[in-house]
Structures are given as C-alpha cells and as structure tokens.
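Take a look at the structures below.
Next come two complexes, and both contain subunit A; in the first it sits with subunit B, in the second with subunit C.
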Partner chain A sequence: MADQGGSQHGIARTSRVRTEEQKRRDLERIAKYRELEDQVRAHIARGEYAPEVFQLTSKLLRLNPEYYTIWNVRRRCLISGSFSRPLAGSSCLKASSSTSPSATTTTSSTSCSSSSSAATRPAPGSPTAGTSGTTADPAAISTTPDAPGKEDSAATAAAAETQDLSIIKSELTFTIPLLLESPKCYWIWSYRLWILQQAIARLRPAVARRIWEEELGLASKMLGKDRRNFHAWGYRRHVVQQLESATLEGSSMVEAEFAYTDKMINTDLSNFSAWHSRSKLIPRLLDERGADDAARRAFLDKELAQIRNALNVGPEDQSLWYYHQFLILNLVAPEQHPAMTLNFTREDRVAYLTREIDEIKELLEDYDDVKLIYEGLFEYTLYLCQLEERQPDEIERADLVAWLGKLKQLDPMRNGRWADLEKEYGLKE
Partner chain B sequence: MESLGDTLWDVVISGTGLQQSLLALALSRSGKKILHIDPNEFYGGSEAAFSLQDAKSWVTHASNGSCGLVKSASIALPEDATGLSPSRAYSLALAPQLIHARSAILSQLVSSRAYRQVEFLAVGSFFIFSPSRDSAEASGLTRIPSTREEVFSTTAISAKEKRLLMKFLKFVLDHESSPHLETWQEHADSPLVDFLQKEFKMGGELQTYIITLTLSLDGQINTRDGLAVIRRHLSSMGVYGPGFAAIYPKWGGLSEIAQVSCRAGAVGGAVYMLGTGIETMEIAEDEVELHLTSGDNIKTRMLVRADDSPSGQTGVGRLVAVVGSPLTSLFEATVEGAPRPAVALIAFPAGSLSTAAGEESAYPVYLSVHSSETGECPVGQSVLYLTTLATGNVTGILERALDAFIHATSDSQAPQVLYRLQYEQLPGADTARAEGPIFTFPAPSPSLSFDDSVLEPVQEAWKKVMGEAAAEAEYMVFEDREGAMDDDVYE
Partner chain C sequence: MSQSFTQLPEELQLATSAHVKYIQSLDTRKDEYDYWLTEHLRLNGLYWGLTALHLLGHPDALPRAETIYFVLSCQHESGGFGAAPGHDAHMLSTVSAVQILATVDALDELETRGKGKAQVGQYIANLQNRETGTFAGDEWGEEDTRFLYGAFNALSLLGLLDLIDVDKAVNHIAACANFDGGYGVNPGAESHSGQIFTCVAALTIAGRQDLIDKERLGRWLSERQIAGGGLNGRPEKKEDVCYSWWVLSSLEMIGKTHWIDKDQLIAFILRCQDTEKGGISDRPGDMVDVWHTVFGVAGLSLLRYPGLQPVDEVYCMPKSTTARLLGR
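After this line comes the complex of A and B, so read on.
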C-alpha cells in the first residue's frame, strides 16, 4: 500500500520521451493555449463576462482544468448573464449585502445590475426586468419587493427555474469529461459543488434533490474506478450530508451508506477509506436503530468476527489493522468511543481483549514474518495490562520480549522505536 | 478462367481446424498463393460448431469411420421433444475451450487485428460439486475462491484452511523465483496433490479446490505444470474486468476464431474450397502433387494438414446436452462492476459420482455451462458440455453427472433435457511433424482451457511457408486494412 515509485494505488505513471516532431507540436499547442489565455484576460480586464468569454473559458478549461482563475471567470459569466435574474433575497443579493466590501462582492453586484444592459442575452422572464431595467443601482434591486404582476410571477418563476435547471445540467455535463481525465483536480470538484449549491438556491427542493441524487451516483462511479480516491470519499460524504438535510427534504441515509462500505470492502479489502467511513457511521447507525446494550454487543461481535476474517487473509494490510484497532479502542477507551461498549463491565472488556489477543496469536501459526501482527500483539497486551491496572506478568513479559525481537528483525529501519519501547517497558533481556 | 492446376501453389492447407485457420490468418498478408480446402461442408474441422442438423450429419459421418479421431458418436432426443427450437437456433461447440486472459492467442488476435470480429464473453466462477451426505441434505455447488476477497467471503472453509490457501496463492504467483523455486523443483514431475499435502499441509478439500483450478483431466497433473497453470489463472484474474480470469468467444468457442481466421485468409487472396478433400497424393522432394476429390490435379510446394490417426491412448468422453432453463443463478456477477458471465465451470471431483450399478467416477468430470448469451442456444435454454476421461462406464458417469447437476441447481422442478449429443474424442500425435514438403499439425488438445502450446506449430508452419521472408516479417502483426471499422468505444 505504500506508494511504489512511479505509481499511485498500483496505477502506473508513464514517462514519455519526445521526438523532434512531438516537440514542434507541443510548441504549437503552447502557442494556442497562450493565445486563448490572453484573450480571456483581455476580456476580464475590460470587465466583460459575456457569453463569448464563457465559450473561451470552455476551451481553456478543457486544456487546463487546474487554472482556477478561469473557473472563477466562468462562475461570473453565469451569474452575470446566463443564470436567471436573482429573485429578492437570492444569492446575488446576499453577495452585495455582505458585510465585507471585498472586491468580489462589488464586482458581482455590479455585474448583477450592469450586465442587463451589456449582456447580449437578456434574461427572459426575470422579475426585475420590468422595474429596474437598465438602472445600475444595486439598491434598486433590493428595494423591489414585488415582481411585476402576481399572475406573471408564477410563469416567470417557472421559466426561470427551467432556464437555471438547463444551465445547471449542462455545466455538470461539461465537467464530466474533465473529471474522467483528472479525477483528483480540486477545482473541478469545487466548481461542481458550486453548481450543486446553485441548484439548491435556485430550484425547488424536489428538483434540486434529483440533481443531488444523480451526484451520489457519480461519486459511486468515481469510487468504482479508483476505490481509494479520497477526494471521492470526502465528496460522497458531503453529498450524502446534503441529501439528508431538510433543504432537500431528506432523511437519514446511514443504513444505505453502511451497506455501501460493505460492498466496497467485499470488492477490495484493502480500502482504508471504506473502513474509515464505516467507523464513522457506526455511532449514528446504532442510535438510529435504537439499539440496546444487547444489540450493541451483538453488533460488536459481528464486526470483530468480520475484521478477524479479513486479517486472516490479509494480515499484511494496514487498513485492516487500523479498523481492528478502532474496535479495540471501543473496548479500552469507551469515553472516546462509546457506541458499542458503554455499559460493558471491566470483566467484559478484559474477556474480549484476551480473546482478541488469542485469536491474533493463532495467525502466527501460518504467518510468522508479518510485522503488523507482532505490533498488534505488543500493543494489545499492554492495553490489557492497563485495563487491569497491573504490570505484565512473567509470561507476558517473555512474549513482549520475543515479539520485540521479531520486530527488530523484520523492521530494522525502526530500531530506534523498538529500542524506545524496550526502555519504556523495561524489556531488555 | 485459370484452372487450379495451372498454378504452382505455395501452400495447400488441408482442413479448417483452429491450427490450419490460424496459419491462414498468419499468411493473409504474405501474398503467397494459398489454396485452403476442407472435406467438410463447414468450417472449423475438429473445432467446429454445429446447428442440430449439422450435428446429425457429423454423427452419421463419424459412424462411417470417416473422422479418424472421433468415435461412438450418437444423438438422443427425449420422447416428448417439444421444447427444442429449430436447428439453426443452436451452435453446439466441439471445442468449448475457455481462454485465460493471459493466453498468448489473445495477443496474437490483437496484433493481427482479427480480434475485431470476435465477440468475447466473461467466464465466471469455477464451482465444485459436493454430493449430499444423506438424503436430507441437498447436494450443492461451492464456489472456488481464487482471489483474496473470494477467500475472505467464502464460508466453506475454516480459518486455518483460508490461511493455507492464501499462502499457496502468494507462493504460486512467485514460484519461478527464489526462494520458492527451490521448494518445488525437486517435486517438479510428481503430482501436484502430493506437493500440496507435503509442503502446504493441505487436506483433501483444499487439494480438490486447487486441482480443479488446473482443470486437470486425470487429477494427476504434475507440480511444474500445475503451478504454471494456476499462475496463469491467478494472473489472468481481473485483466479484462473485475471478477473473472477467462473469456469465451461468442457463437461457438474456437470455431469462431477459426472462421474469422479463414475470412482473413480469403480477404488476403487465399482460395477456399469446402467439400473438397485429398484423394491421392504423390510426394516429390520439394513439391507435392495432389489429386482432389473435386477432380482437380494440383501441385504445391507445401502441404499443411492435421493429424487424424489415433495414438491408442485413452480418449475423452463428451456429452453435450441442451436443457430448457436459463439457469440464471449460475451466471451472476459476483463482484461490483463485473460483467455477467456467460460460462460457468463445475467440477465433480473423482469419486463424487456413482452410477446406479455402483461404479464410482475414477476421474474428475468437468461441466461447462453456457447461457444463451453465448449464442449457442436460444433464450430460455442452456448448453451443458460434460467432459471426462473415457475409461470404464464413461457414458454412465457423464449421464450421472448431468443428472446430479440438474437436481442440484433446481429448487422446484428439474429442467428438461431437450437434446443429447455423445461422442468420444481420441488422442492423436501430440507433436507436429515436418517431413519434406508436408507439415502435419498435432491432434487437437482435449484440454478444457486453451493451451498456448497449440500456437507453436502454427508459427513453425508459417516459417516454412515463408522461407527466407520469415526473417524480415513479424509474426501475426498486421495493420488494419483500409476501411476496417474502428469500433473502439469510449465508455
């Protein structure tokens, strides 16, 4: 699992050697790129965020999705033109009425009002079109309480939503090929999130919800392609959070998410993020199930059996040991991890820990050179002593010394650490 | 019009079996004068795929003693054969071999561009049949785990056995380098089962799992070969997608590859004549004169043909059955994102079957189940290919295996067997022969998975035909012809 030189998660990075021909073509490409960039910069220097600039950003971003300034330009193009006129109290208004008079808020509020004259595509059905018209006064927008004519407002609102929905969909589609090529580029994900936020701000909850549900599908697909893309995992959590929120008329998705970690683990045991996600979901899962002590104990039993089964086939895998340790911490440090063993007696805890140690010792029968096993045994034996508020007995001391010896042999690079442990616990032979 | 006899042919290829067809593919850009004949009215030779009518003709043909390496062929239909579809709805394969992802034939198909015309399907899990120990317990199928995640998920073996299996799987992947190499080298020629027991302390059940992965027909594959085969299986896992190690050509297995290769040969200018065999021949030092059954007399620099004289060793008994059920439970993708398999393989370990007369199966029986996705039968039906060594009451044992399988997979009503084709495939020469201007391919391999050693004689024959030009040319490497469809789809 450690990064092998030149590869990430086992997917190799290729290095290429260029011929003269390729060098020439590269220089051409660089020239074209710089030209595009200059064009965009020229436009924004003049404060122009017209659809023409929007098209240029599409071209430029396809060539370089990491150019985050251009993503911002794109956002401004949408706010200033393509998206429907903001309704009273909408996000644009919020920007102009924010307390800090930063450069971005002034430009966005100016673009909100001034572009209605400069834009080649006037937003149809905008509620303010009839009143503020071409006034460059942001205050005029904020003081217009009603849209022109109540009968029109429903129609205009519906048209606005349709327009916004179509923009949102096309923007999401635009980012997909970019994501497929650069699945870990922050700026693409951040732009998608911004678009998704626009969905919440501009669309009815039911409509916005569908967009977010599709987003969950995308997160799953990305994780299907690279199961350990931690961007995708974090993103998934964010999407799930939104889907659960009241804004999108949601309810808890803990059971589904827990089942999802099951699926990912069964596909590939060596998935740190899946195990981590699982550990984070457990407290809420048990609470929602209304689990009593017996149910929680049964749950812990099942988790322990599963992780032991995993360690049995993959003892060299660190992500498995991390999860096992999480479960052990539930036993020995319940103040931090109360979900499963809050009402265990000390005898209970000692019994469980002793059993775990015995089970792990069994692994040594067939795996005698896996250092993580010895590390686990060492650590857990010390936990046991702590639990019982005593020092290791003779047999335990002998074990600890033997395991430390193995660790020194298997992992000589960390001899300093092993020496420290030796000193700390008085284990010098 | 020029008659065939006017040309001095560079090579006459007799028979359109897989090896001969691959030779035609290899020569398809060489500009050589090639005449490719086959006494059958169909392509594929001993690797052909049949409609029901073709199968009937073939059985008649074999019964006349004209197929040197096939004997005891017969077809049986049940009394109420109502479920059987029209003849052309079927494409029953004589060589339903699965092809491991790391097999060399695939890289040859790719480099020669012939792969574009073949559709491949996924081969799913391998199962072991475990007979019921008493009448109350149903006999069942156990999936054989061959990846870490499969070993993790299975509930069929103990924790200790899982550890042994994992150690062995890791060992196999590295078995050709030290220190593992020294561990097995001294046992190279003795049976793999013995090595498993001695070195890995494996009991009977785990041994059966591993021997099944080798698809060994006598269960006695030696350590060297066994480790190589398992290594191929393990390193083939996941190559073309998650969850599967082998693929299968749609529309009849190897027959499809033979047909595609002949098509390439024809496009390259070779002349094809079906229903034409060699009546007599006269061999000179550097050419052969052939009198064909069509009446033509031709001269050729080289004759390439296949062996068809039985060697006298034990053959392989086959039963091809069509059942009236889609057997959906066998064709489920087990891994997230994996394609639905179209082929499932089931092994009946030696001793797991007995006939009514009490004869126990002395050797493993292998059953390859094909869904209608293979194009070999209509939707709603499946084709079952059973194979075992032809000893003792081979017909009885195969029938018993079929029966046991049908009852193991059905919950309520056992599906009806709509059709049975039985025959015995005899072994012939197992090496190629080059005698002056005549090159003879070895007899087809009875192996259940494609054996790369089949490809070597083809390259040998190609070198002989090409003569000096072989040194300049790259074997089986071609560019797409103009106008060839580029059907790479970006998902």
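After this line comes the complex of A and C, so read on.
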C-alpha cells in the first residue's frame, strides 16, 4: 500500500554496525519510549481518557508523530473530557464537511465517544457519523443545571466556547513544530484538519472562521519551505474550500488563489504544482468574473504570452510544457476544456494553433537539441490536422518524419513510444 | 533481459540471498530504536517483506504459522486490523492483513480463528463515503484515493466487492483525473504517480479502463524516467525506487511498459541495492528499508529480470496468488 511513513528517503547509507556506546544509548531510548507507551496503554485498557493521558500523548507524539493510534487517543481524550460537551458522532467527523449520514443504512451503533475499546468503534458509515450530528448529547445536557435562566445559559454557552476555543488553539499550536519537522506526515495533517473541524462544530461561525483563516498562513509557510509539498497544496485547497463555504459565512476566494499561483510561479517557473492549481482555478475565475467572449480570449492571449516567454528561457522544463499543453487543449478539446475558448470558431482555433506552432518553430533557432520542442511540434501539428479534419500535407509529413528522427536521436529512452507514433501515423521512411 | 542469471555482469546481479537475510532479520532488531518507532507499520512491513520474499523465490523464509498468528492478533471486533496488537484498526493495515493471508493461502483462517471474512468486508465497506464514493482510512475520516484502492484490492481478494457502491467509487476516480491524464489524491489535486497507480489499479479491478486516457497518461508516465534510468513521481522531481513500481505497474496496466527504457531502469534499481547487507534504498548510496526493497524487487519482476517470480501489477502480490484466487 501507498504509505510512505517510516520509510527512508534521502538518508545516506552508513555502516550498520553500531558501537557499544550507540547500542547502550539505543536501549535507553527504547526503554524510555516503551515505558511511555505502556503507561498510555494501561490507561486505555481501563477506558481512561483523563488529562493525564492527554499529557502522555503529547510526549509520545513528539517522539513519534507517525503513531496514528496515539493521535486517536488524543482525540478521544478531547471528546470525552476536555471539550465543553461531547458531540453526537464527533469521533467520526469527516475531514470534509460535505458528507451526510442520512444516505447510509448501515448498522447502527452506540455513541462514538470515549468507549474503552477501539475494536468496537463504529465506522463513519454508521448513522451516528457525519457532520450533521452537531446537537449536544442529551447526557451532556443533563449535567447542566436544571431549567437555567436565559442569562445563565448564555453565560454557560460563552464559557463553553471560550473553553473549546482555547483547546482548539492549543492543539493547533502543538502540531506546528511537528509539521515543520515532518512536513510529509499524513497523520499530523489529518489531525490538524480534525481539530479545525471541531472549530466548525463547536464555535460560532465568526469565531471558527478566524481560526480557519490563519491556516492559509500555515499553508503558505509550508509551501515556502517546500514549494511542491502536495500535502500542503491539498491542505491549502481544503482550507480555501471551507473558507468559501456558507458554514463559515464565506465567499469565493478564487481571485486571491489565482493571484497566489502567480506569486508562486514568479518565484519559480518550474513549480508545476502552481501551474496545475492555475489550470483548476481558471474555469471558475472566468465564470465568476462574468467574462464575455472577448475577455476570455484576452485571458487566453495573456496566458499564452506568459508561457511562451517562460519557454523562451527554459524550453527543457516539463512543467512549462504541461501547462502549454493545457492551454492547447482549450483549443483542440473544447468539450473538456471550454473555459477560455467557449465561442471560438474553428477558424479561431486553427489560427491560434498555427501561431503557437510557428512560435515553437522559432524556439528551434536558439535550441536545436531540446527534445520537448520536437515533441510539442509533433503533437500540435497532428492536432492541427485533426482540427481541419485532414491528413498531414507533404510538407507537414516531412516535418513529422524529421521531428520524430530528432526525438529518437535526442531521447532514445522512449524509443518504444516514438516507434508506436511512427507506426500509428504511417511515418516510416 | 533474456540472459540467464549467471551470465550477467556483476553490477547487474541481484543480491538475492542478502535480501532474503535482510528481510528475515527485520523482526530481530528489537534492540534498535527504529524498530519501536515503526511499529505503526508492522503489518504493512510484513506484507512488504513477505511479498519480496515470494518474488525472490523464497516463500518459506518467514514461518507461516507465526505469520498467520501475528496477523490475526492485530484484528479488532469490528473486523478491521491495526498495525500491530494495541494499534487502532485502519484501512491500510486491514488491506495488508488480507494480502498477507491471501499470499500464504490462509484466508480461511479468518473464518476459523478470526472474525470472519464478512466482518472484514463490512469494516471496509463502512469506510465508504456513500455520497461521494470515496473511502476514509478509518473512523476519523481522512479520505484519499489510496484508501479507495485498498478497499477494491482487499474486497476483491475476499470476493466481497458487492458490499460497496463500485459505480460511485469509479465516478469519484473519474473526478480525480487531470488534464495531463494523471490522477491526484482527491478531485482538484495534482497528478502524482502513487495516486495514479491507485486509481488505474482500482479502475482495472472495476473493469473500467475505458475511462483512462491511455495515450496521455502513458506519455506522462513515460516522462517520469530521467537521466540515470530511475523514475520520479512528478515532473521536475528526483528519481526514487518506489516510483519504479508506481509508474511501471501503471504503464503495464495500460499496456505501455515499452515506452520507457527497461534495461536502464533495471540497472538503476540494482544500483540501489546494498549487496553486502541486503535491502534496497530510494537512490544509490542511501539507507535501505523494506518498503523500497519490495518495490524494487517487484519492479525487477515486472521487468522480467531473470530468476524472479512474476508479480501481479494490479495487486503487487505474487501472480500465483492472484491466479489462484481471482483467475488473473
């Protein structure tokens, strides 16, 4: 299975023979670690999720943030004691708020919170799961004074929110150093999202919103350290989705997110993650701007100019070519990618594509040994014929044969692919 | 690679016996701190080690009875498996448990000594998000196409795919497709070789390869091979042995393995071996681990390296196992 936690990446191979001193140190660390683990397990076995256990999980997770069961113990501690009230099904809250439990008809079960054995826990498919379960557990309500006055209950609610807010903030702080040290650890990211989901379930929307807003800063910080970290990109997407949602009284952030891709691309043209994000944002961006045909065309012109300039500097960069392909798909596959070329005529498409092919041919004057240029020319020329519903003419055919020859010469690793193309398009000399 | 084993030059020799010893030694390292720090991967690690041993032609190098006993000791009442006794149940360890039992031909032990196949299937099926079709890893709700693939893998081995809404899951995979032909962790996410493997394999299990843009995906995958012969996981990233598996098996599933240079990839994987103490690392000269060892060996098997048992590209298990259970 695809779980990379715990595997060694990029650590130099050293002699695996340890000195006596190293062995002794290892044994000490093991003893300390296992003692901590034993303490947590003893509490769990007794069904205890007290503050003391919570403190132990902090220690253990600092030593080993990959230990997912301990993150779960920490959640159970919060649900069963620290938070102001348990939520029905709160142990099963989805990271995504889009889920609804009503569609399920699977086995019923008892309350999710603070049961002593993980073995009997219900899965999210159970009726207690999902985010609609935000009403207080009756058992919890019964612990508040009988028939409280209005002011009392308002004060109680305010105190509860203060308590929950403080826990949520403290948990977010706890995970920061762990994330900085293990930025690719799935479990930390997922725990953090769970805490944020608690903010939605337990705090007033305006208060929860302020918590979520700060997460954009974290995503930017993590992407500043590693521009391609797909955990951080995914986290950013999720945070933005939530901030845009009605739950957090939000509105579209597509302009700001698009500007963010600009910023990331300007820092590093080779950042495909940013180009990818751009490709996903553009359709929404144009719709929300209410862009008419002319505006869409102008937008495409600007994107093409930008990527062409970039290709002039770095024609060997795959990231740039992939984005260029995305733009070209808007011309040749409008049924899948209509955003920028919705009302283009066939003549428009042909004119644009022809111009791109000519521009790429000009690249050859400066770079005659970059295989991606020949690959682009080959592909786009075939697209052109496809658009015009015709076979390549004599000149094009000669070009295709020549470019394929260059590809074989410059990129023999992929000879099997070049051979397939040669056969498919009848280009054998 | 048509030469016989002994004719290969030294740098192209697979250090089979060193690798077998390395894997056998993994459970004896209780005096090393890392052994304890990686307990949350124990069942996955057993699957990785066992699979590597089977592919290396040493299926009996780990004691079968103890293997089965350990797997069953990780099972919860819910039917799901934790990474080790005392660890919470999770999709990832549950799939490994099923794969291990399938490989040692002991799925029936689930009935006789475990909680029953149906209970395992139900645990997995309950993790499906019935609205979107995707799967969570456990009750806490993290969703990822890795878990969707895991569900398809294990449920198909158990013959229980009908417990889930396959069509909805397939629609979800389609929503994860990108313009470059690849797939991401969830809709909107960048294409990533590991996720491509999970999505393409799940579509293959569902019999829905028709949804794959094979030309575009094959091209993207073949571009993962970089100078030196290794494969990377995304554009402009470093090469890594585990991607030999994700990329290569995906290419195999869509019939385009010949779009990369197989001999160079074989040489790259072999350069990542520790020929003396055994094991394979991410790149030449780095620390080895069992994760890179199995995916290195599985890659070599898919590349028809001489002397290895054939691997199933969809399940990353011995072909003999999937042939026995699924007629593949």
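Just so it is clear, the second predicted complex is superposed on the first by the 345 of 429 C-alpha atoms of A that agree within 3 Å, B and C clash if a C-alpha of one lies under 4 Å from a C-alpha of the other, contacts with A are read in each partner's own complex, and residues count from 1 in each chain.
Following the convention adopted for this analysis, a residue touches a chain if its C-beta (ideal position, glycine included) is under 8 Å from a C-beta of that chain, and two chains touch if they have at least 3 such contacts.
Model, not experiment: these values are computed from the prediction.
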Partner touching more residues of subunit A, whether subunit B or subunit C: C
Contacts of A:266 with subunit B and subunit C, given as first, second, both or neither: first
Touched partner set for A:72, first subunit B, second subunit C, both or neither: second
First (subunit B), second (subunit C), both or neither touched by A:329: second
First, second, both or neither for A:416, with subunit B first and subunit C second: second
Partner chain in contact with A:224 - subunit B first, subunit C second, else both or neither: first
First (subunit B), second (subunit C), both or neither touched by A:366: first
First, second, both or neither for A:307, with subunit B first and subunit C second: neither
First, second, both or neither for A:357, with subunit B first and subunit C second: neither
Contacting residues of subunit C [partner subunit A, same complex]: 31-33, 36-41, 44, 47, 76-78, 82-83, 86-90, 92, 95-96, 122-123, 125-132, 136-143, 146, 149-150, 178-180, 184-186, 188-192, 194-195, 197-198, 218-219, 222-223, 225, 229, 234-237, 240, 242, 246, 256, 258-261, 264, 274, 277, 281-283, 285-289, 291-292
Of subunit B, residues touching subunit A in the complex: 148-149, 151-153, 159-160, 162-164, 166-167, 242, 335-337
Complex contact set, residues of subunit A against subunit B: 224, 263-264, 266-269, 309-310, 312-314, 362-363, 365-367
Touch list for subunit A against partner subunit C, complex: 1-14, 16, 23, 26-27, 29-30, 33-34, 37, 41, 63-64, 66-69, 72, 75, 91-96, 98-100, 103-104, 106-107, 112, 117-126, 129, 186, 190, 193-194, 228, 230, 233-234, 237, 270, 272-273, 276-277, 279-280, 317-319, 322, 325-326, 329, 336-337, 412-417, 420
